[in-house]
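Several structures are given next for inspection.
There are two complexes below, and they share chain A, which is joined by chain B in the first and by chain C in the second.
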Partner chain A sequence: MAAGTETVLDVENLRVSSGARGERRVLVRGVSLTVGRRRTVALVGESGSGKTLTGLALMGLTPAGTAVAAERLLVGGVDLTRMSEPEFARVRGRRIAMVFQNPMEALNPVLRVGHQFSQVLTRNLGVSRSDARDRARELLDSVGVSDARRRLGQYPFEMSGGMLQRMMIALALAAEPDLLVADEPTTALDTTLQAQVMALLAERREDVGMGMVLVSHDLGLVAEYADEVNVMYAGRVVERAPTREMFASPVHPYTLALLRTVREIASPGTDRLSSIPGSPPPLDDPGSGCAFAPRCSFATAECTAVVPELKGVAEGHDVACVRSER
Partner chain B sequence: MSAVPVSVRDATGPTVTVPRWWRGLSWRALVGAGGVAAFLVAAVLAGAVSPYSPDALAIGSRLEGPSAAHLLGTDQLGRDVLTRILYGLRPSLESGFAAIMMAAVVGVALGLPSGYFGSLVDTVVTRVLDLLVAWPAVFLALAIVLLLGTGELQVIVAIGLAEVPVFSRLVRSIAMVAARSDHVVAARAAGASSLRIMLRHVLPFVVTPLVVQFAIAAPQALVAEASLNYLGLGTHPPAPSLGAMVSEGQSFLAYAAGPIVFPILVIVALVVSLTLLADGLQDRLDPRSRIGAR
Partner chain C sequence: MWRFALVRTGQLLVTLFLASVAVFLVIEHAPGDPAQVQLGLSATPAEIAVERRKLGLDASVMHRYVVWLGQALHLDLGRSFATGLPVTRTIVTAFGYTLRLDVLAIVLGIALGLPLGIAAALRRGSRLDAGISAFAALGLSVPVFAMGTLLILVFAVHFKVMPAAGAGVPGQSVLSSLRYLVLPAATLAIPFAAVLARYLRVELGEAMEQPYVLTARSLGLRRRTVVVNAWRNAMIPTITVMGIQVGRLLAGAIITETVFSYPGIGYLTVQSIQSLDYPVVEGVLLLGAAVFLLVMFVVDVVIGFASPRMRIEGA
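Moving on to the complex of A and B:
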């Protein structure tokens, strides 16, 4: 991370597990992240790599029956690991906020949007109802929603996905949080809207001065909008690097394979997209050794014997692969 | 989800929302509602309609058949059967309604946190209710009457308690689904407290099924009320009740069938009306059965 940037998220060895004590299944196996103010750190990986679960764990919103543990989980300098649920609830929406994948489902379908805005604003900003109404209009202006007064009187089903995602962003950033977790913020939207919404997020990130964790499987999006990329596989970060470096000189075989699946990044001259044979192992049972070994074309006997640790190969570039250690 | 109001929008004006929920009500719902309404009116107007007092004895005209003076005849003490039925409807309807109301309120209070929080809260609530269900309803009622004595209030508590598990389980199942829905997770992400989420973001989805369940439980509660009164656990004589009339008339069945047949017919008609209403409401309000019908 560049010197002089204030750290807004500092997670050390985050683990998520489910099930009772005797038969605990570990789903996220020790993820560490650092996000600076006005920086975007991306979590990428296939479905089932644990990236969304990691995002939810930062918010304390993992599904019932799961347990989250971490050496450290500091947001804006506040330790969230020691908080009770009511204390954590007061942090959510104020210091740490989230934008979800499907904006159509993220608002209560039976309440008017304005009502939901005023609920959130009176709670998180401590303003009166009439002030909340004014504030809601300002917020909608800030995310480019015109005709705010009419929009606030509508129900979610009366609006398009792009419009709703703009509203969700406005709502998430109302209290100017230190950190925003954006979980596939454009996946449910039309391709033409993706750039608009991402540009809006980047712009608001600068205005609010927050850090952002961008959870996505879209490498093109990540290449354009993230400062640092964390590639996740089977509940672990297998490669971490500044975005430019990651796309210029990836090291981990999984990262290589992942990049080859994207048309723009695949080497020129190839007219076919490649795919990674097989599918990721279940999160709770990655097998012995490196979880990617069964699908890896470079795998050796050593790969199934030990779990490789993240080790630096260049400035800010860490890889968990036995090949990189030589 | 819940019944979506039909929205009518013209090109320029604001959105106008017209709840036209009564559209598409089936004949069953209408007949049922009509029947229930008729009984309600009859019960409310009992004093105005009948020239007799329900307790007025007429030793000279005992166990008479239907006549112009006594449309449904008289019982073993010469009391007018029609009058007693009209007055007897009151405790039936009152305690039936109160019992289900109690079951619904307690069921929501238990089922909502049970489904929303899951884990320990759910386990405790579910086990306690299982314990309640394990007892036959009549034994449960007898136990309550044994503890609290006989009377209308005890009947309400007994029936209400027996119906609590049904309501609680219904609410729990909906709350479980709602607790995992995206908008609830989003509301949590925005910092809403658990209580607020349960009331604002989960309860609205419970209302419609609750209305249907209310209607389904009503005839059951009515039969239960009549049964408890038949067993002599409800209203104290000489106050009339449909169940008690049946049990009193039993001894004189050989001399006159009227005092026992007419209350039974009324109970049957009331239960059928309520069942039809419940059926019609379910068709109208349950989106799944509606999709199937189209």
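Moving on to the complex of A and C:
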């Protein structure tokens, strides 16, 4: 990260596990991330790579029955590792917020949108209900929703997905958090809306001055909007680099394969889609050694013996692969 | 809204008409002769013939039904064979008793079932949840007559703190008439609470797993706010189920009222059937149908308010 940029997220060795003590299963195996103010760090990977779970762990919102541990989890300089649930609830929506994949299901179907804004604003901004109404209108303006007064009187099912995602962004950013976790924020939207919503997020990131963790499987989106990319596989970060470097000179065989699937779509003359043979291992059982080894065309005996650590190959570029260590 | 009410009223009238025909036909084929029942076994055939004429039973079923229908349209349901009193008045009196009993039973049932259901939903899999489930299973599986008898034995016979039967005497104080209601109301309230708790446990449990709950939490809302918001969703299907329970209660709790000799609609139903008191049987069954349909109508209106989607987009 560039010197002088304030760090808003500093997480070291984040682990998520589930199950009772005797049969504990590890799902996220030591993820470390640093996000600076007004920077976007992407988590990419296939479904089941643990990227969404990592996002939820930052929010303290992993499903019941899971446990989160980390050496360090600082958001805006505040340590979240030792917080009780009521304390954590006060941090959510204020220092750290999240936008989810499906805006059609994100709001409560039986409450007017205005009521839901009121609940959030009175809680997070400490304003009165009538002030909350004014603030809600300003917030809707800031995310490009017109006719705010009428919209606030409506129910979620009366609105489109794009409109609802704008509302969700407005709610999440109402208290100007230090960090926003955006989990596939445009995946459920029409293609034409995707660019609009991403542009809105980028704009609001600048205005609010927050950092952003962008969870996505869409490499095109990531190439355009992220400053740094973390490729996740089976609960680990296997490669991390500044976006430009990642797309110019990927090192990990998994990253190479992932990028090939996109490039062949982009380049004409190919009529067959490339895919990575096999499927990722279950999160809780990645096998011995490198989890990607069974699908890797470069795999050797060494690969199944030890789990490779993330090691620097260039400035800000780390790779977890035995091939890169030579 | 008015259109809806009009349609429902039409449905109600059609249902009542069909129910009245069915009741007339069924009771006609019930074994026994009302005239015989009124006069006793020592009556001679001649006396019975006179009594039948007096009760209007000598005419054909068709003729009797048309006459009855004509009077019914003026809210006159005839006179009871047994007491000679107007059926309408008899039924209204009994329904007053049933209404009083049921209101108390429903209030008790909600007061017990609502918190239990919510607690079980929020702590699914805990010991508390297991305890509440056990209570609910017991409340549902113990037959009403056993529960009623048990309550009588404990509170009326052993501790002598509550009356065992009846509704007291006319003109008594509110407090003493309330005393007669406690045991039968508790008997009705326990299964009511059990159904409510079980239903709410499932519905609220599911609501708490919806994406909007995760969103609400991600926005930092207090747990209490999150639960209340989810509860409003869970109540929509719950209201429908509880409405059916209320409708059934108001149609007369036959067993409970019989166990406690409580002079409500259920008790009246049993008595009138036993004595082949055709006009009263016809009356109580029609009242039951009407009340049930009316409650369902109220439930639909309540759900319209609870569910904006139904209200705005129509059912």
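In the analysis below, the second predicted complex is superposed on the first by the 316 of 326 C-alpha atoms of A that agree within 3 Å, B and C clash if a C-alpha of one lies under 4 Å from a C-alpha of the other, contacts with A are read in each partner's own complex, and residues count from 1 in each chain.
Methods note: a contact is a pair of C-beta atoms (placed from the backbone, for glycine too) under 8 Å apart; a residue touches a chain by one contact, two chains touch by 3 or more.
From a predicted model like this one, the values you see are computed outputs, not experimental measurements.
When both complexes are superposed on chain A, chain B and chain C clash. When the two structures are aligned on the shared chain, A:R123 is found in touch with chain B and with chain C. In the superposition on chain A, contact of A:L171 is made with both chain B and chain C. In the superposition on chain A, contact is made by A:G153 with chain B only, not with chain C. In the three-chain superposition model, chain A touches both chain B and chain C at residues 59, 61, 85-86, 89-94, 97-98, 100, 102, 105-111, 119-120, 123-124, 157-158, 168, 171-172.
Within the complex formed with chain A, the chain C residues making contact are 210-212, 214-223, 225, 229-230, 232-233, 236, 306-309, 312-313. Residues 1-2, 4, 7, 14-15, 117-119, 179-183, 185-194, 196, 200-201, 204-205 of chain B are the ones touching chain A in the complex.
Those residues of chain A that touch chain B in the shared complex are 59, 61, 63-65, 85-86, 89-94, 97-98, 100, 102, 105-111, 119-120, 123-124, 150, 153-154, 157-158, 168, 171-172.
On chain A, the positions that touch chain C within their shared complex are 59, 61, 85-86, 89-94, 97-98, 100, 102, 105-112, 119-120, 123-124, 155, 157-158, 168, 171-172, 175.
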